[in-house]
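Here come two complexes built around subunit A, the first alongside subunit B, the second alongside subunit C.
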Partner chain A sequence: MSNIIRKKLHVFILENCESEISSISDNTPIFESGLLKSIQIMDLILFVEEISGKEVDVEGLKPGSFKDIDTIIKNFVETKN
Partner chain B sequence: MKIGLSKHAKGLCAIYGPLLELDKSLDAIFLSWASQFKAIEYKFPQLLAVKHLDRLQYFTSFPHLATFAVTLDRDEDELKHFSSKHKVLENGSLELPKIQPSTHVITPAACYHAYVEFEGQQFDQQKIITTRGICCRCEDQYVSLERQWTFSMREIICIGTPKEVHGFLNNAKEKVDGFINKLGLNAKWEGATDPFFNPKNNPKYIFQKLEPVKKELVFDNRLAIASTNDHINYFGEAFNLTRDGETLSSGCIAFGMERWLSAIVNTYGEDPNSWPSFNISNA
Partner chain C sequence: MKANINTDKLDQVVKRLCRVSEDNYINPFSHLEWPEELDRNNWFTSPELISIEGTPLWDTLDETQRKCLSFFEAVGFYSINIHGERMLIEGLASRLYRKDEYGITPYLHHFLDEENKHMIYFGRFCSLYANGPYPEKKIKFDQEYEDGEEDFLFFSKIMVFEEIVDLFNRKQGKDDRLHPLAKEINWLHHFEESRHLGFGREFVKVLWQSYSAKWTSESLKRIRDTISSYIEATWKEYYNPSVYRDAGLSDPFSIRKMALKHPKCIKRRTEISAPLIQFLSETGILPNTEELSI
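Our next item is the complex of A and B:
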């Protein structure tokens, strides 16, 4: 399950990234390295909600929660709720 | 002895005497730091074009804070009528006849002018400037010196690579920390978000929660007297600030001047003789 979501996240980020790159790692910082722009955070959250089937609590977000793909999987996919 | 504060209207205060001297002394310290960064000082206008602010989605993010500059229609008959018939009502308001669509707001933050100033420029090295402005933010409640409709803000702004901006912000923060210790103010840095309108639907608010881009120096756990802001490439993109074809980042440190006065009065009392003395050489 996590691996399918992981692949979907890779595809989403590469499709929405303005740079011409063909692959990223699970630890590449998504915003810090400029893969996505800050304005795209809403799209990423909505996509994570869609593929995980879980709602993201915006008020409960902590610094670094969407740092990279590994962190997103840990915070929003592999959690029980 | 009076501290030198008078209230003119809701959210509007004047300072003079001891408070004004304290303001000048504090600003001299902040300016000396700017000088150490080799910052050029700018004095910007009091008004900012809405077309520039709109590029930053300001009216989406902070419509509740904006104060617009309005002017009357230039029609001579309208002006004659207004000139002779205008009347200030008991509630202090003045009904306006036809007004021109607003093209400017009263500056809500001192640093915005810097990006307008440098629009489209290429920089072969980091650019650091400083400016002090009277800023205007409409609030629901006002407290003298702490939350005013108009207030003074000193800023030091850096435009450069992310590494240069981070270096600048860390260096500036260290200077502030040393000064706070010498002043004996109870203040510490905390992660912060800006007061966005309808925040949950604003990507900028969510991003500020996720990335520690804004920090505030909070006095007595209640009053932000300074802040550092890492804008990443937000202004660089909006105003096309580049180096070798790459969009640059920016960051700033801002000092709410009246709030520093309040922090010192709250710490040392209302007798100016008890206020700490300091100067550029020991800050």
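Our next item is the complex of A and C:
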């Protein structure tokens, strides 16, 4: 399950970033490295909700919660709620 | 360091708007009547402003389903307002009585007071008749700014948010098809926001003239990109999967994607944004508006 979501996240980020790159790793910083712009956080959150089937409660979250694919999987996919 | 520019017009705007705000003071706790229950067999959003109006999906809905969607779109719209105004209040409060505030503090007091009232209307509707406002799907990122950039972006974003919102309010505040409470909330918001819009445009212009000549071309590009992206992101908030889900529509995320790229929806966004885009173009803030993605 996590692997499918991981792959979908890779595709989403590559499709939505302005840089012309063909691959990223699970540890590539998403916002810090400029792959996505901060203004795209809403799109990313909604995408995570869509593929995980869980609502993301953003209250109290920091940009670091979406640091890279590994962090997203840990915070929003491999959690109980 | 800001440039020395003539702020006579801004001074006049501030004085006039303070007077009008004082003369039209409204008590938010007694002004509206809040029924215990709402008759949901009503329009709460003008049909032409519903996010999926004009799409094939819209054509498949009967009137009851459309009215149901119009209710949740209203909750979504009021939620957008609550979150936008919260950001505004935080930013305005931190700018009160600053040394470089261009004499706007007297009006900031009214601005803050009026935005707080709007949040009371919107929040009460969402809390009484729905499960509260929909949560905001945004996170604040820390950023370093050039001199004047933070203020300019703050007031520009406020202007973008308020100009788009106001067009909805203006139309819906006059729409007799709407439930009286929804119509009145929209009208009240427009009544006070129209003053904020006048102030917003004048102040954004003053900040642009004060600082833009000193920003490097790299900074200018970043600032312009930020405003363009903000317009796009603001519009995306109007396509809320939670709204579609609560209205009983299946596959809400796909509906959002479909509506965002549907020509009828793009046309509606373009028409509503037109006065704002014209202002940004005429002031030189966004010289290449034809490249904007709305």
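Details
The definition used in the following text is that the second predicted complex is superposed on the first by the 79 of 81 C-alpha atoms of A that agree within 3 Å, B and C clash if a C-alpha of one lies under 4 Å from a C-alpha of the other, contacts with A are read in each partner's own complex, and residues count from 1 in each chain.
Basically, contacts are C-beta pairs under 8 Å (C-beta built on N, C-alpha and C of every residue); 3 or more make two chains touch, one makes a residue touch a chain.
Not measured: the values here are computed from a predicted model.
Model built by superposing both complexes on subunit A: subunit B and subunit C clash. In the superposition on chain A, A:Asp57 makes contact with subunit C only, not with subunit B. Of the two partner chains placed by superposition, subunit B and subunit C are both touched by A:Phe66. Contacts of A:Gly34 after superposition on the shared chain: subunit B is touched, whereas subunit C is not. When the two structures are aligned on the shared chain, A:Glu20 is found in touch with neither subunit B nor subunit C. Applying the stated contact rule after C-alpha superposition, one finds that A:Glu49 touches subunit C and leaves subunit B untouched. When both structures are laid over each other on chain A, subunit C collides with subunit B only at 149-157; the other stretches in 149-157, 185-193, 257-265 or 275-283 stay clear. The intersection of subunit A residues touching subunit B with those touching subunit C, taken from the two complexes, comprises 31, 37-42, 45, 58-59, 61-63, 65-66.
Across the interface of their complex, subunit B is touched by residues 31-32, 34, 37-42, 45, 58-59, 61-66 of subunit A.
Per the touch definition, subunit B reaches subunit A in the complex via residues 191, 200-201, 203-204, 206-207, 209-212, 232-234, 237. The residues of subunit A lying in touch with subunit C in their complex are 31, 37-43, 45-46, 49-50, 56-59, 61-63, 65-66.
Contact residues on subunit C toward subunit A in their complex (touch as defined above): 135-143, 225-226, 229-230, 232-233, 236-237, 241, 253, 256.
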